[in-house]
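Look for chain A in each of the two complexes below; its partner is chain B in the first and chain C in the second.
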Partner chain A sequence: MSDVAFYDFVREPFLKLALWVFFLGIAYRFFRVLFLGIPHDYAKPKGNPYYMAVKKIVIKPTMGWTFREIFARRAINFIGGFMFHIGFIGLTFLVPAHALLWREITGLPIPMMPNIVSDMLAYSAFGSLLVLTVHRALNPVLKLLTGKDEYFANLLIGLILFTGLLATKWAGSGYIWILSIHIFLADLLIIYIPFSRLSHFVYYFLSVGFMGWNAGKRGVSF
Partner chain B sequence: MESLYNVFKRRGYTRRDFLKSALLIASTIGMGPSFLPQVVKALESKPKPQVLWLSFQSCLGCTQSILNSTSIVPADVLSEYISLEYHETLMFSHRSKEAMDLQKGRYVLVLEGSLPVDGGFYCTGGGRSAEEILKSLMDGAGLILALGSCASWGGIAHAEPNPTKAVAVDEILKHKRVVKLPGCPPVGDVIVSVIASFVVTGKPPEVDGEGRPRVFYGQTIHDRCYRRPFYDAGKFVGSFEGEDAQRGYCLYRMGCKGPITRNACATVRWNGGLSFPIQSGHPCFGCSEADFWDRGFIYRPLSVVEEGFSWKEALAGALIGTALGYGTAYINKKLGGG
Partner chain C sequence: MPVLSKEEIEKFYEFCKKSINTEVASYLEACVRCGICAEACLFYMGVNVSGRIDPSLTPAYKADLLREIYKENYTLFGKLKKLLGFGVRISPEDLREQVKLVFYTCTNCDRCTKACPMGIDTPKLVSIVRGALTHAGLTPKDLANATNLSIEKGSPLGVDIPTFLQRLEFISEEYEVEVPINKKPSDYLYLPSSIELMKFPSSVAAAVKVLNRTGINWTMSTVAHEATNFGLFAQSKEVTREMLRRVLEGAKELGVSYIITPECGHAYQSMRFIAPNIFPKDWTFEVLNIVEFIDRMIDKGRISIKRKVLKERTTLHDSCQIGRRGGVLRESRRILKMLAEDFQDSVLIPEHNICCGGGGGVLVIGEADQYRQKAFISKMTLFDKVEAKTVVCYCANCMLALTKGNQELGRDYRFVSIVELVAEAMEGEE
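Then we have the complex of A and B:
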């Protein structure tokens, strides 16, 4: 198989399959949980659960951002996690080639960023992913919470970032192979998301809102 | 047989003109300035190449391309230097018998167009199938050139639904070394350079895994595109009529296939180095890569799904997922007694 034939395969039928699996799988997992529901609670709420649910969703991203929290106790988690997420989300949506795909899917005028910005995001995301993975493997608490799923996801994302950087910077005459492998791995990731904890980005608002709702029901603050 | 220098002299050109052409040949085939004396000596002493040109399922655009090559040597010298001993389209087919008597191992067999493997119904000449004609001439060739995307990959005749069952020539010549010069058509100066390099070195050029000369097909159009800085800066043409197009921004968004296309257009260029499609404001549509006709979406970016994947498909997937999720949750609740 030539590199262009492989490129055509990963870009057309395999990407299409991956997108179908992604949208179907994510909706399946999300609504299955939603429709299962929770047992009816007859106790009268002590606070305002719906207000607290919204409040939790809104303020959660800034809740840990105190100096002591960040630098004294969980510096790697906060800084590394922030750098990785900003980088990964930025690269996923705003690299020109990616943005054009998302424009086609969503119909929205998604902006495109220049290479120098995507390079900075890619280096920061790749570096922080390495640090977070090592931290995860060494930290005694995180080690207990980590399974094969996390390591596989980190490996896959790391390879996608690495091949993306390789393709844009150092691929030389192997550019089409490296680019095709990059797309192939991205297709695998898109397929893998609904089957893994990577789907947390869909449950984020649901789970955080539920925590707030529970706090409101019990009349406690957070 | 006379040499290239003899043709130059007879046509009234100066030695300086000859040396300029020799320098161009040396540089285009990847030889440094130190090799110039050897190149000059070879072009002065070695006889002009004997060329057998077989046209199969093609539009003759490749013939037109070499006739329009003017950068390497002047057009009148070129038409005399490339000694066309036999051209399937231009000459009577019985000449192929005479052509076979050429010195074996010396002549250049140029193949233009794809071959039908339909049992001899399409593309016949003098009562013989294209495959028979090709096989009768292949043994004595010192260099076999598959000229253009049709000969190299099958081309438009090979595209769906491929009614003639067209194949690339190397599928017929499985045990022969075929040098491919894909493109629709290939750059004329590239054809001339490859033939001239065979005269100079006496052997085929170094090729990549697909049989293309590395010196011309080693890099993508994207690698050598003068608009590449705009790609890196994230500046793209949004419409052919817009200001961005006038500013000469990158054509990736307009469907440019430069990133996956290996050819010499961006370096050698066309019409005496005047321009190439991207310089003229049109995206590259990847004519030198295999099966580019079946890729289909000339004016859509490379990174989108070829047959389309819009919000409608995304919504359809989400609705099916929702229905399945509801069904599973319902069954779970029933089984769980909820």
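Then we have the complex of A and C:
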């Protein structure tokens, strides 16, 4: 297969397949949990559970802990996690090349970020991913909690970030191959998300919603 | 622990499987394995003070077996794995580890939930595992004995009706208070806990003084004479229901509209949040914790705090089930500010306070002592942070656990009941 044929394959039919698997898989996982049902709670709430559920979904990332407490305990988790998520989400949607792709797929006017910002986000996401992975492998608590799923996901995301940087900075004559591998790996990640813990973003709305609902029921602030 | 049969493991498995609903599945699916909950747990922090890290005490890890059972019954991938012969295999050692994780080193204090970026209610998951272990007959012996006693005699400390009446007679004579019993009709029913009756009678006397001073029409009951509900500790639905049924029977017989729960965390939790779901039609009472009630009475002007009774540096210990899980956090602080000249809160946000280490039945389990003692070290850091030796509590079980830890570790903190302080402060000049 030539480099152009491979590019066409990963850029068109395989990407479409990946997106179908992603949306169907995510929908299945979300609705499967949603339809399990929940018993009615007859205890009179002390506060407003519905308001608290919405409030927590919106502001939960700020949490109820002071910065000093957060940094004293898990600075690597918080700083690394924050840098990685900002970088990963920003790169996925707003890098000029990606924004053009999303515009084509969705028809929406997705904004583009300047190249200098893309570069900064890419390096910070890649660096923080490396640090987080090493931390995961060495910290006794994280070591116990981590399975193959986390390492595979980190490896896949790391390779996507690396090939993305390679394609934009140092590809030279192998540009189409490297770009195609980058897209291929991204397709694999899109397919992998519904089968892994990377789909946690779907459950954020449910678990944090329930947490807020319970806080409202009990009349506590968080 | 006895030798485990296949049937017992099967019972554990089935209980876990049947306990899954949308909320539980959301928590099980949402965990991102970040481990942030570890540093929120008093047992993890306490054990690690010695430098020996025990990662198995991480709250997220406590739900792992339940998570595996959920996956193979409710997810496509898990079902496929089971079909191919790669399903969950539970050994007797696994269940022994579960007993340590959920009965010895978790008080259901809920602090980990507040730290979790995904809002996972680990106590809810731990309660399911506790229930499954109890269903399989694996409740720790000490806890099982106390739970059985509460069914047989009406109280985990063996306080039956004659003993209940004797203790009230003693309190009435010793503290010179008038205690109404089975007075019909009454508006309010006050239930003491047997821990208070037997170990802290002065707290009961103080509650009686406060109730009498408010001028409300109240009574105690010989039918509903025990507030504590050990069914919650063992997560036995049958025991929880039976203990609450007795309260319901007593309250209905007296025709009351309000139930006042004592300084006892699980009593408030069971009557305020669980009973309405067990008896949705009959449980029509408004349930107030004694601290909530006092705050309301002060607000209405029915009692007044006439003087500050604590001169020294004082801090507050929150009961998790009344405070963090019950929403009575601001009331205790408002009252204590009136009682103490130098009140220093040990936490910036009330929901952050650390558990006593003896909640959730941990206090009665002998095998859990070594963990409870280390957890007390986590608790002490808060007292020392504000340099307070006097600690005000609003749960008798907390008082008992803290007093025990204090003695075992040779410390000199003084633990006092907030209701006793209120009773004292109602007397004398302003």
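A few points about this structure:
We take it that the second predicted complex is superposed on the first by the 218 of 222 C-alpha atoms of A that agree within 3 Å, B and C clash if a C-alpha of one lies under 4 Å from a C-alpha of the other, contacts with A are read in each partner's own complex, and residues count from 1 in each chain.
The working rule: a residue touches a chain if its C-beta (ideal position, glycine included) is under 8 Å from a C-beta of that chain, and two chains touch if they have at least 3 such contacts.
Note that the structure is predicted; figures quoted are calculated from it, not measured.
With chain A as the common reference, the superposed partners chain B and chain C fit together side by side. Within the superposed three-chain model, A:P114 lies in touch with chain B and out of touch with chain C [touch as defined at top].
When the shared chain is aligned, chain B and chain C each come close enough to touch A:R29. Computed from Cα centres after superposition, the angle at chain A between chain B and chain C reads 170 degrees (steps of 10). Within the superposed three-chain model, A:I86 lies out of touch with both chain B and chain C [touch as defined at top].
Of the two partner chains placed around the shared chain by superposition, neither chain B nor chain C is touched by A:L188. Between chain B and chain C, the minimal CA-CA distance in the chain A superposition rounds to 7 Å.
For the contact definition in use here, the residues of chain A common to its chain B contact set and its chain C contact set are 28-29, 32-37, 39.
Contact residues of chain C toward chain A in the complex are 20-23, 25-27, 29-36, 38-39, 53, 55-56, 58, 60-61, 74-77, 113-121, 272-274, 276-277, 280, 283, 324-327, 329, 348-349, 351-352.
By the touch criterion stated above, chain A contacts chain B in their complex at residues 2, 4-5, 7-8, 11-12, 15-16, 19-20, 22-37, 39, 96-98, 100-101, 104-107, 112-116, 173, 175-176, 179. Residues 210, 218-220, 222-223, 231-236, 252-253, 259-260, 289-291, 295, 301-311, 313-315, 317-322, 324-326, 328-330, 332-333, 338 of chain B touch chain A in their complex.
Per the touch definition, chain A reaches chain C in the complex via residues 28-29, 32-39, 41-44, 46-47, 56, 60-61, 63-66, 73-74, 77, 81, 139-147, 150, 195, 197, 199-200, 203-204, 206-208, 210-212, 214, 217-222.
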